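First chain written, first letter: the chains are A, B, C, D, E and F, and each begins at residue 1.
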Amino acid sequence: MSTVAPPPDPEADPRVRAVFDDIRATRKSNFINNMWHWLAFDPDLLERTWAEVKAVMATPSALDLLVKEMLYIAVSVTNGCGYCIHSHTASAKAKGMTDAQHADLLMVIALAAKTNQLATALQVPVDPAFDARGEQ
Amino acid sequence: MSTVAPPPDPEADPRVRAVFDDIRATRKSNFINNMWHWLAFDPDLLERTWAEVKAVMATPSALDLLVKEMLYIAVSVTNGCGYCIHSHTASAKAKGMTDAQHADLLMVIALAAKTNQLATALQVPVDPAFDARGEQ
Amino acid sequence: MSTVAPPPDPEADPRVRAVFDDIRATRKSNFINNMWHWLAFDPDLLERTWAEVKAVMATPSALDLLVKEMLYIAVSVTNGCGYCIHSHTASAKAKGMTDAQHADLLMVIALAAKTNQLATALQVPVDPAFDARGEQ
Amino acid sequence: MSTVAPPPDPEADPRVRAVFDDIRATRKSNFINNMWHWLAFDPDLLERTWAEVKAVMATPSALDLLVKEMLYIAVSVTNGCGYCIHSHTASAKAKGMTDAQHADLLMVIALAAKTNQLATALQVPVDPAFDARGEQ
Amino acid sequence: MSTVAPPPDPEADPRVRAVFDDIRATRKSNFINNMWHWLAFDPDLLERTWAEVKAVMATPSALDLLVKEMLYIAVSVTNGCGYCIHSHTASAKAKGMTDAQHADLLMVIALAAKTNQLATALQVPVDPAFDARGEQ
Amino acid sequence: MSTVAPPPDPEADPRVRAVFDDIRATRKSNFINNMWHWLAFDPDLLERTWAEVKAVMATPSALDLLVKEMLYIAVSVTNGCGYCIHSHTASAKAKGMTDAQHADLLMVIALAAKTNQLATALQVPVDPAFDARGEQ
């Protein structure tokens, strides 16, 4: 069940068609996952979202593409977004994430959540040494 | 302000002393940040927490140490833990994170939070292709 | 699957019957959605919850009823409550939310989550100009 | 304290200058709040963030500008972003939010969080009637 | 800094005075903490909030009063509400929470957050045996 | 659907077998719930997680075992972890949680989430009286 009905023939809209074509070209695959079908209920939202995802996640930058997928997973797990966890775990595996790296990723995000709770529960004051402005 | 008072002379307790000595040896630094002073109100909690942090964050594993720091930041930002964001951003910089990598990290975690909202708001159904069991 | 079993004949309990009658009268509909069937496992919890939902969400106040439904959606998406997102998106549509407004709502909640991450990651200090007490 | 040091003379960079000029022109005010000073540590991140904030929050669309500020607050409160709560409450007041509307906003976001917990704790199944695809 | 200015002489309003009197009588203390001063900006919100807090947190029920304070802390830590963590940790200590119980509380909420991440990251399917309806 | 495939014959691995044997012995039951089957994709992660869950949740300590289950539920609801809510509600019931206690638990976690929103939205400053260090 979902809160909008995806358009039954999305590529009849030329704006949707252009985005779907770019997704296929960028990913070198004919598979368009559900996220884009659902976002197609509003072509403006679809265009903006894809443009940003492409710029950040599919373009070489200061961080490795696989590292970016794992960061995406870390945020998605913490926010509890089931769809995002599934889609980005699949992407990370497609980009080469091994089972050992997957298990390591899980240990880090689990530990971080745990120590977040401890620091927050104790309301530990931030050490002045951590202030970036103090480093200047 | 905080919810427990850290012990004024924590190393008078030999269990606390042993943990603090190991933190100094592991990090090759005399600096013990506030988190450990506050956890010292309960030596058992201190020992367990440090043992896990050391095993996961200070030990070579399938993921690079800097990548693990960035994953920690991603979780901490999503959970809104100010202390953790400060301490792990400082750690990541100490392990070589550049300003360009920092900005890239921020773009990924911000984008992930954004698309998490979209997928959740739409309640997009998970594509069967993403099921790991289907890959067998 | 759920964590309590809803009573099979909830209206056999006069307290539940009174709440269900009031839901039907307030909404001018015979449909009682699952939330109320499940809360009926404890009549006290049911009565209190409906009384508050009716007072806040079904009573004219300083904010428009549709605006309140959209605010409800914004919180529910951020908390990841699938049931609440479904029920309040349906309510918002019943109160006249158009597809264009729905898309706009999604853009705002997605952007807010994104900039929340940026401000939190940077730990930006609050500008003194934003203090309400300074305005007096 | 914060995790990056904002550039001491941000407008020496022409890209930052152009963004700050546009903020001033759009808002008809000389005040540039801290968020933009901190984002200026990376001009690319600054440009992208402002472009999106301007497009969504400062441009007429299907939703009223004040409603969008209140939605922003609802998300920011739920995410616990202190900076964002301060800056957008100030914006909402500048756009005319009354004290009565502010109190009403708080009641809705508090109630939503409360019923989110109840629906999640009970794991209430979504009513088939809420499926948008069923409405076609 | 805060987003509303608390009224400088809150008890000049008889509705606020009545709530403050009841807080003092219920708690057998003259101390009115900031939460109530800030909520006094809207007497209706103040009355409703106090009525519910009194009914749930200050009235004997199926759960022990100290257990309820610890549950409150668990939610507040997970939501990252600094004010609430401080006020309810103080309440729990006033109701007899020992340092050993405090440390134990922290271990449970930290472990829960950790295993929440693991179950969510793996998207573990719920065992049919856990369905409450199956138990009938 | 899930993000890893649980091993089809997990107990063929002696490390997994040892953990499963200990789960059965500790719980005096032959039922191994899905969480452990899924974690078995990485024996190291499985061993560490079970060791901690056993030490914290199945060992007498300063807090009652049922209280610890309810605290676990409070965190899991706030994080929106469906699996964890199901498994720990079942555990709490197995340890004697009554329907009245369950309803009371829900009222507390719902109220806490509500007042968390209010304190956060108002950005109420923490009373100096709540500082644990001031109490010494």
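To be clear about the criterion, a contact is a pair of C-beta atoms (placed from the backbone, for glycine too) under 8 Å apart; a residue touches a chain by one contact, two chains touch by 3 or more.
It should be emphasised that the depicted structure is a prediction, and the values quoted were computed from it without experimental measurement.
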item	value
Chains in simultaneous contact with subunit C and subunit F	A, B, D, E
Chain separated most widely from subunit A, comparing mean CA positions	E
Remotest chain, subunit B as reference, centres from CA atoms	C
Whole-Å separation of chain centres (CA-atom averages), subunit B against subunit E	27
Distance from the mean Cα position of subunit C to that of subunit B, given in whole angstrom	33
Sequence positions of subunit F contacting 2 or more other chains	1-4, 45, 75, 77-82, 85-86, 89-90, 100, 103, 105-107, 109, 111, 113-118, 120-123, 126, 130-132
Chain contact topology (line, ring, star, complete or other)	complete
Contact footprint of subunit C on subunit A as seen in their complex	1, 3-4, 41-42, 44-45, 48, 75, 79-81
Residues of subunit C that touch subunit B when the two form their complex	73, 77-78, 80, 82, 85-86, 89, 105-106, 109-111, 113-118, 120-123
Sites on subunit B touched by subunit D in the complex	80, 85-86, 89-90, 99-100, 102-103, 106-107, 117
In the complex with subunit F, residue positions of subunit B that touch it	1-6, 126, 128, 130-136
Touching residues (chain side subunit F, partner subunit E) in the complex	1-4, 31, 33-35, 38-39, 45, 49, 52-53, 56-57, 61-63, 67-68, 70-72, 74-79, 81-84, 86-87, 89-90, 98, 100-101, 103-105, 107-109, 111-116, 118-127, 129-132
